[in-house]
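What follows is chain A paired twice: with chain B in the first complex and chain C in the second.
Let's look at the complex of A and B:
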C-alpha cells in the first residue's frame, strides 16, 4: 500500500476515497452484478425467507396475516389428505425414476451406433421432449379415453377388455407414469448418449481383445463409466418427479377419487383454490426439506458407488 | 463421437475361436437393434401422429369406434375453428413476448454478472456467488406463493410484466456463463485493458463474441423453458388477453373438452413453433440439453 511508503508523500497524493472507489474493481464488480443480484434477491432470496414466515402464519393471501407458530406444520401431521398426497408422490417417483433411467440406458446404448435409419430413431426419441406438458396431457387424455381411445382399440384387437385408464382410481397414477416417461425419456437419452460418446473407443477394443464378451464389456467397463451420468439422471429425475404438477392439472386434476393428488397439486389447491397461503407455504417447505434430504442421500450413496475418471 | 484409433487392430489380429461366425446362428438381413428401435420409435411417434390425424377429422370421425386410423376426408376447418374459439393469435404473441423477453434478460443480466464473477475481483464476490448458487437448490414451489405476493404488491398481477419479471435472470445462467468465460484466454482481455478499453467494452467486444456457443445454449434452454412454462402463468395470469400459449391451450381444453378434433388442431398449432425450432436447430438443441447434464 502506497500509504505506508517511507516518505509519506504518497499519502498526500492519494486521490479521494470516492475517486478511488469509483476507479476500483470493487465498484465495477458490484455494478456488473447489481441487476442480477437485485432480480434474484427480490424473486428468489426474499421469497425463500418469506415463505418460511408464511408457513408460520394463517394467511389467506388477501387479508392481513397473523402468526400461528407451528400450527400449520402440526395440522399437516394430522392431515390425511396430505398423507395420501405424499403416498401418491412416493409411488409415482419410485416407479418413474427406475423405469425412465433403465429405459433411457437401454435406448441410449441402442442409439449409439451407426446403423441405417439411426437419425430417424433418434429424432423419434427426442421429439416428445419439445412437446409441452399441456399438449402431452391433452394428447394422452384422448389416447387413453375409455370409449374412443386408440389404446383401448389396440387392446381390443388383442382381446383385452376395455380399460378405464385415467378414470380408474387404481390405474390413473400408472397412466401418469407412462405419460411422463414418454415425455421425459429423450432428456435422459441425450445425457446417456453424450456420456457414451465420451468413452474412449480403445478401452472397449482392449477389453474385446482380452476376450471379454459384449455383455461383460458392457457390465464391467461401460456401465461403471456411465456412473456419473446415471447419478445425475437419478437425482434430476427424482427432483422432477417429486415436483410433478402440470400433467396432473391437465389430465386428472388430482382425481379420480384423489388418486393422483400429488404433493404439488395439493399445495396448489390449498394455496390458490382454498386460499390457505400459510398452509400452502408449510407444504412447500416440507417438500423442500424432503427433496434436500433425498438429493443429499442420493449424492452420498453415489459418491461411494460412482467412479469418476478425473 | 467416440475416438477411433489410427490403426484398427482387431480386424487383422488373429481372432479367438468364438469370433468365427457360428453356423447355427441365422443372420438377420439387418441389424438386430432395429427390432428394439423400430417399436420404440413407433411408440414415441404414435401419440404425435395421432394428434395430427384427429386434428384433421370431423367430430363424428374422431368419436367413432373403431377409430378412423386414416380419415376418409380431411377437414382443415378444425384449425380455423380452434383459432377462432379462443384468441390463439394473442396467445402466440404473448408467448413470443414472454419467451423473447426472458431470453434477452437472461443473456444480458447473466452475462454482466457472470463476467464480474469470472474476471473482476470485488469485495464479497465468493460469498455472493455461493448465495446465488444456493438458490438453485430451492424448488420453485417454495417461492411460488411469496413471489405471487410480491408481484401483487408491484401491481403486476395479470400483466405480461408480472409474468416476465421473476424470470429475467437465473442463477443457472450466471453459473453456466461464468464457467464458460473462465475457459477463455485472458491475454486478449488484458491487452484490451492496456489499450484503455473499459470493462463493458471488453465484455461486449471481446468476451461475448467468443462465447456465442454458450450464449446460444443458454438462449435455447431459456426459450424452451418459457415457451412451455405452465405453472407460473397459471398462477399470475387471469385474463385471456395476457395468457401465453400453454395456458391458453389449457383454457381451450376447459371450454371445448368434448370437441377432440378441434382441441387437437389447437394442440398441433401450439406445438408447431417449438417443433420447427427443434427440427431446424436439432444439433444445437441436443447440445444444449446435454450441457445441462454434463456439469
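Let's look at the complex of A and C:
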C-alpha cells in the first residue's frame, strides 16, 4: 500500500496496526470463525481446564471440595472396575469402527447408482441417524426382548433357540454394537456418497478404456480417492466409539453384570450416582488424553497413506 | 454429534459444581438477583418451589399452591417445574453453585445423606421442635428415617410408596388356585407363581426388575426383612445381609427362575404392559402403576406381600428439602411445607392424585373413605405403610452398597452364581466400601 504526501513524493510507510488488521484477511477470517471458536472455548476448552482442576480434588459436587493432588489418578490405576470398563470400550471400538466403515462403504457404493427409488433408499439409510437415541433404544429393547421380541420370533421360525440378547452378559455388548452401527451408519454413508460423487468421471472413463474391470477400477481408482473420506470417518467413529454413553444409558445401563459398562458410563456412575465428582473428572481426563493420542496416531498414519488429489 | 456433546456437558456440570463449592455462603437474599424468583419486602415474602410433577399431579399441585397463596397474603409461592425428578439433583447442585438455590425442592430420599453435606441446606429440627402442632411423629416411621441424617432432619416427607402384591384374578381362576390373601406365606406364593407359569402361552407367575439398579435391590431388601434379616450389622460397620435370611431370599428367586416363573424386566418397566396384557400373574409393585392397571381392564386384586417370618414391605419416601436463602424466606418456606403436609391438605392432595397419604392421621379424617373408594386397591398400600418398619441405611455410601447388591441379585437371576457365593462376594465388597474413608 502506498500513501501520497502533499509534496507528491510517494513514500512507503507501514500502515497502522489497526489498518493492517482491518485490511488483512485474518480479521475477516477470525470474525467468521468467532461464533464457533467462542462456543468451543465455552463448552470445550474451559471445561477441559476445569475438569483438570476438579480431578485433583475430592469433590462430591455438594459439599466444599478439598485438594488431594494425584490421589484420584493413583486410585484409578488400582481400580479393577475401571480396567474392565476400558476393556469393554476397546472391544466395542475395535468392532464398531471397522464394521461401520465397511458397512457404510458398501451401502454408499450401492446407493451411488441411478436406479428407480434411489431417494427412498437414501432416506431409509439416513432416518436412523435422525431418530432420537431414546427412541432407538426402546425399539431395540422390544426387538431384542427375549420373550416377546421380533428377533427371537424370526429365529424361532428358522429353528434357532431363544436368545437372551441384551439380558445376556455374553451377548449384550455385541447387541449394542449392532444397534449403534444401525443408528450411526447414515452419517458415514453421506460422507462416502459425497466423496464418491466427487470422483472425476474422466478418471473412471480412462480406467475403463484401459481395460480395467469393475473390481480393479474400484480397488485402484475409487478406493484410493476415497482415502481422505475414510480417514475422516475412522477418526470420527473412533472418537464417538470411545465416548459411547447415550445408547448404554437408555438400554442396558451398563449391565447385565456390568458387561456393557464402558468408560463414560463408569464416569457417569462415579460422578452422579456415587457422588465421586473428582474421581469422575479424573476418568474424563484420562479418556481425553487417550482419545487425543489415538486421534493423533490415526492422523499420523493417515497422512502417510492417504492420497490427496489437491 | 449427539454423543460428542456429552463429555463437555458433563465437564461443564462438574465445573459449575466446583465453582460454587468454594464460594457463596448462602446469606444472599433473593432481592439481589434473578431466577429462581424469591425475596422479602415490606413483610411480603416470595419463595420458589422446584418440583417435577406431570399431568394429574402437576394440576393438583398448581391448585394447592393457588389455594395457599390466596389464604396466605404475606407469602407468594412460585412453583417451578424442573423436569424429570431423576435429574433434579444435578439442577439443584448447579443452582447452589450459582448461589441461587430454590427455597424448596423435591428430592429423592436416597439423596438425603449426600445432600445433607451441603452447607446451604436448611435443617428443620428448630422448626419441628418449636411447633408441637406439627406433630412429627404423625409421619410414618420409614418416612422419618429417610428424612433424618444423623440427628439432623433435612426434609419433610413429600411422597411415599411401598410394595404390595397385585394379582390378575383371571389367571388365578384359569390355573385353579385360590386368590392370594393377607395371610399368604412364601411357600404359597412360590407354588402359585410356578402354577401360573406357562411357557407355551408366554405366561409368567411373577416379574422382577433385573437391571441391577436400586429397583432390583429394594425388592430384595423387602424379602430379606421378611425372612428376618438385616442389611447391615447392628453397629452399621459391616454387611449383615450375608445371613441365612439373605440366602433364603435369594434361593426363592433362584428356584423361581429355574422354573422360568419370573419375567425378567430389563429395567424399562415393560413388566407393566406385559401384566396388563394378561401374561403375568403377580407383581410386587406400588401405587404408581395403579392408574395404568385400571385402564387396562385387567381384573386385579391387591394384597400385602407374602410372609416368611413377617409381612414387611419396603417404602421409598421422597422429601421436600429446604435451602437457606435468609431467615424470612426460610420461615415462609416452612410455613408452606407445614401447610402442604397438614392432614387436611394432604387428604386433598391424595384425593386429587391417587398418591398415598404421608401422615398416619389422614386415615382418620372423614374424607378418607371417599379417597379409598375413588382408587380401588389404594387402601391396601396406604395401610401397608405400617408394614414398612425398616429403612435403607442412611449413608453417603448407600449408592455403592446398592450397586454391589444389584450385581449379586442379578447374578442369581441370570443363573451365574449360587445365592451363597453371590452374597459372599457382595458382602466382601460392602465391607470394603464401609471400611473405606469418606
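In this text, the second predicted complex is superposed on the first by the 264 of 310 C-alpha atoms of A that agree within 3 Å, B and C clash if a C-alpha of one lies under 4 Å from a C-alpha of the other, contacts with A are read in each partner's own complex, and residues count from 1 in each chain.
Everything below uses one rule, namely that a residue touches a chain if its C-beta (ideal position, glycine included) is under 8 Å from a C-beta of that chain, and two chains touch if they have at least 3 such contacts.
Only a predicted model underlies this, so the values are computations on that prediction, with no experimental measurement involved.
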_Overlay on chain A: chain C relative to chain B, clash or fit_ = clash
*Which superposed partner A:140 touches (first chain B, second chain C, both, neither)*: first
*Contacts of A:64 with chain B and chain C, given as first, second, both or neither*: second
_In this superposition, which partner touches a larger number of chain A residues, chain B or chain C?_
B
_Looking at A:148 after the superposition, I want to know if it touches chain B, chain C, both of them or none. Which is it: first, second, both, neither?_
both
*Thinking of the overlay built on chain A, is A:123 touched by chain B (first), by chain C (second), by both, or by neither?*
first
*Once the structures are superposed on A, label A:167 by its partner contacts, choosing first (chain B), second (chain C), both or neither.*
second
_With both complexes overlaid on chain A, does A:264 touch chain B (first), chain C (second), both or neither?_
both
_Partner chain in contact with A:233 - chain B first, chain C second, else both or neither_ = first
*Quick one: classify A:243 as touching chain B (first), chain C (second), both or neither.*
both
*Which holds for A:47: it touches chain B only (first), chain C only (second), both, or neither?*
both
*Stretches 151-159, 187-195 or 277-285 of chain B: which one clashes with chain C?*
151-159
_Just to be sure I follow: which residues of chain A are touched by chain B in one complex and then by chain C in the other one?_
43-44, 46-48, 50-51, 54, 61, 133, 138, 142, 147-148, 239, 243, 245-246, 264, 267-268, 271-272, 277, 280-281, 284, 287-288
*Mind pulling up the chain B residues that touch chain A in the complex?*
1-5, 9-10, 13, 16, 30-31, 33-34, 36-38, 40-48, 50-51, 54, 62-67, 108-110, 112-113, 115-117, 120-123, 125, 128, 131-132, 135, 137-150, 165-166, 168-171, 174, 199, 224, 227-228, 230-231, 234-235, 245-247, 249-250, 253, 260, 263-264, 267, 270-271, 274-275, 277-278, 282, 285-286, 289-290, 293-294
_Complex interface listing, chain A residues touching chain B_ = 25-30, 32-33, 35-37, 39-40, 42-48, 50-51, 54, 61, 106-107, 110-111, 113, 115-117, 120-121, 123-136, 138-140, 142-143, 147-150, 153, 156, 182, 185, 187, 190-191, 193-194, 196-197, 199-202, 205, 208-209, 211, 229, 232-233, 236, 239, 242-243, 245-246, 249-250, 264, 267-268, 271-272, 277, 280-281, 284-285, 287-288, 291-292, 295
*Report the residues of chain A in contact with chain C in the complex, numbered from low to high.*
43-44, 46-48, 50-51, 53-54, 57-65, 133, 138, 141-142, 145-148, 166-169, 239-240, 243-246, 251-253, 255-258, 264, 267-269, 271-275, 277, 280-281, 284, 287-288
*Can you name the residues of chain C that touch chain A in the complex?*
2-4, 6-12, 14-15, 17-19, 21-22, 89-90, 93, 96, 114-115, 117-119, 202, 210-213, 263-264, 266-268, 270, 274, 396, 399-400, 403, 407, 410-411, 414, 416, 438
